[in-house]
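Lettered A, B, C and D in written order, each chain numbered from 1.
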Amino acid sequence: MSEYRHIEVNEVGDVTVVRFRDRKLIEDIRIQELGHELFSLVDAENRDKLLLNFSQVEFLSSSALGKLITLDKKMKTAGGAIKLSNIRPEIFEVFTITRLDRLFDIRDDEADALAAF
Amino acid sequence: MSEYRHIEVNEVGDVTVVRFRDRKLIEDIRIQELGHELFSLVDAENRDKLLLNFSQVEFLSSSALGKLITLDKKMKTAGGAIKLSNIRPEIFEVFTITRLDRLFDIRDDEADALAAF
Amino acid sequence: MTSAGRAAKTRERCLMANEHWTWQTDQKIVSEAGAARGIQEELLRKMRAARWNRHECFAVRLAMEEAIVNAITHGNRYDTAKQVRIRCWLGPELVRIEVRDEGPGFDPADVPDPTDPERLQCPCGRGMMLMRHFMTRVEYDESGSTVVLEKRRAAGRAK
Amino acid sequence: MTSAGRAAKTRERCLMANEHWTWQTDQKIVSEAGAARGIQEELLRKMRAARWNRHECFAVRLAMEEAIVNAITHGNRYDTAKQVRIRCWLGPELVRIEVRDEGPGFDPADVPDPTDPERLQCPCGRGMMLMRHFMTRVEYDESGSTVVLEKRRAAGRAK
């Protein structure tokens, strides 16, 4: 398994659990790298069950949403599934306002999300 | 330097010259991987002068345009530059119709493009 | 069906009857990237065999690809329980492709112009513009879940 | 300037005069991702020091980020010869941010709704909707190259 700078990757059964190392996901070189690391889980490592745990994430902007949408598209093209969990209220509001809560399967916590795969 | 499945990478001075191995750039898992390889040149390898030589490319669809636009955005965020060359007429038409000939610096051949960096 | 819908259907039938088709196919594919590749390649082989020129083959390949990707992604949203129906007709002077998905449809008039300077940096939204440019005719049905593409062969070609 | 433009300016001046600002700044940054990070952090520090709540700080951080990213990317198109002017005003009840780029401007009315089911899978086009939702006021000037964002403090907070 490669070493990642922006994410922490763990296996729980056949699910790949991803946590974010950055507390703020904003437009800059780091978010480009973050996107790159997330995409490589699908493109290079062929993982097909991803759980993104947002417990560390205090802030994200629309560029991060863009990365998540692209990740979702890659995953669907590859026939896999993504779930999101542990999203704090303000960020959840970002998802509901943009209706992305309809595109993504968002669960309260890791246990809920794991059970839903 | 990493090994790539979809691109061939060479250095000419300080410019990274990229050729495509696939003759058709279309929506499927391979184009996701191609995007991944292109992005890693910027995100992981920090290359800041990219010349994309399209001489092998006979066909591309709008998903490939999307990858090129994202690559361009990454490059601009990182302060680098991209140039395109050796684009055949039908594909050039795709760029002009979508006005992407205004976003990208398109040159006739590799020598022209190298001279323009 | 509205009377405009009926009129369109009738016109369609007349157009179809006047054409002499040398090859046709009617297939359903699952909603997965690349699932239609076989049909796409087959039509292109037939066109090349009938000596359609490089630009025409490129145009048909491109428009068909865009329509099918849209049907799978926007229409059926990758739902593998849903199918895309693809019909092709090839005649001496005309090629016709119909792509129908099982999605909610949409209003093509709502699609913004991707060449607006403000939208130039967005990586999506160029498929329909390419279909329209490269084909002779692009028509959606009332719901938006079926599109008909036609390419008429260049008149001035060598016989 | 049109008379509508003049009226808006006058209204603006009155609004500004009625407010009592405790902090303000006026800076120019180059058109590079992250160049405004310092100003953004400073405003947020001032807001936290003045005990604006977590949701309000989040809202201002988000809207300001979206406006600045738009100014750099869509406005100045990463042209490092062009600058973005950022002005902030902080008062007891109101925070106001003005972001001005040197780009061609645009018409906010042309921006399509990103929540249309058909556009849900496009990775861009959500910034303005987020600004509008999280702020009290979002207003573009006639050209579109200046945006004014305001957040009014929640009325019911503990004193």
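We take it that a residue touches a chain if its C-beta (ideal position, glycine included) is under 8 Å from a C-beta of that chain, and two chains touch if they have at least 3 such contacts.
Every value quoted in this text rests on a predicted model; they were computed, and no experiment measured them.
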Outermost chain relative to subunit D, judged by CA means, is C
The distance between the C-alpha centres of subunit A and subunit B, rounded to whole Å, is 27
So, in whole Å, the Cα centroid of subunit C is separated from that of subunit D by 43
Residues in subunit D with touches to at least two other chains are numbered 33, 73, 121-124
Subunit B residues touching 2+ other chains are 27-29, 70, 73, 77
Among line, ring, star, complete and other, the chain contact graph is complete
Residue set of subunit B touching subunit A in the complex reads 27-29, 32-33, 35-36, 39-40, 42-44, 70, 74, 77-78
The residues of subunit D that touch subunit B in their complex are 32-33, 73, 78
Within their complex, subunit D touches subunit C through residues 73-74, 77, 104, 106, 110-112, 116-118, 121-125
Counting only contacts in the complex, subunit B reaches subunit D at residues 73, 76-77, 79
Within the complex, subunit B is touched by subunit C residues 33-34, 37, 54-55, 58-59, 61-62, 65-66, 69, 114-115, 120-124, 126-127, 129-130, 133
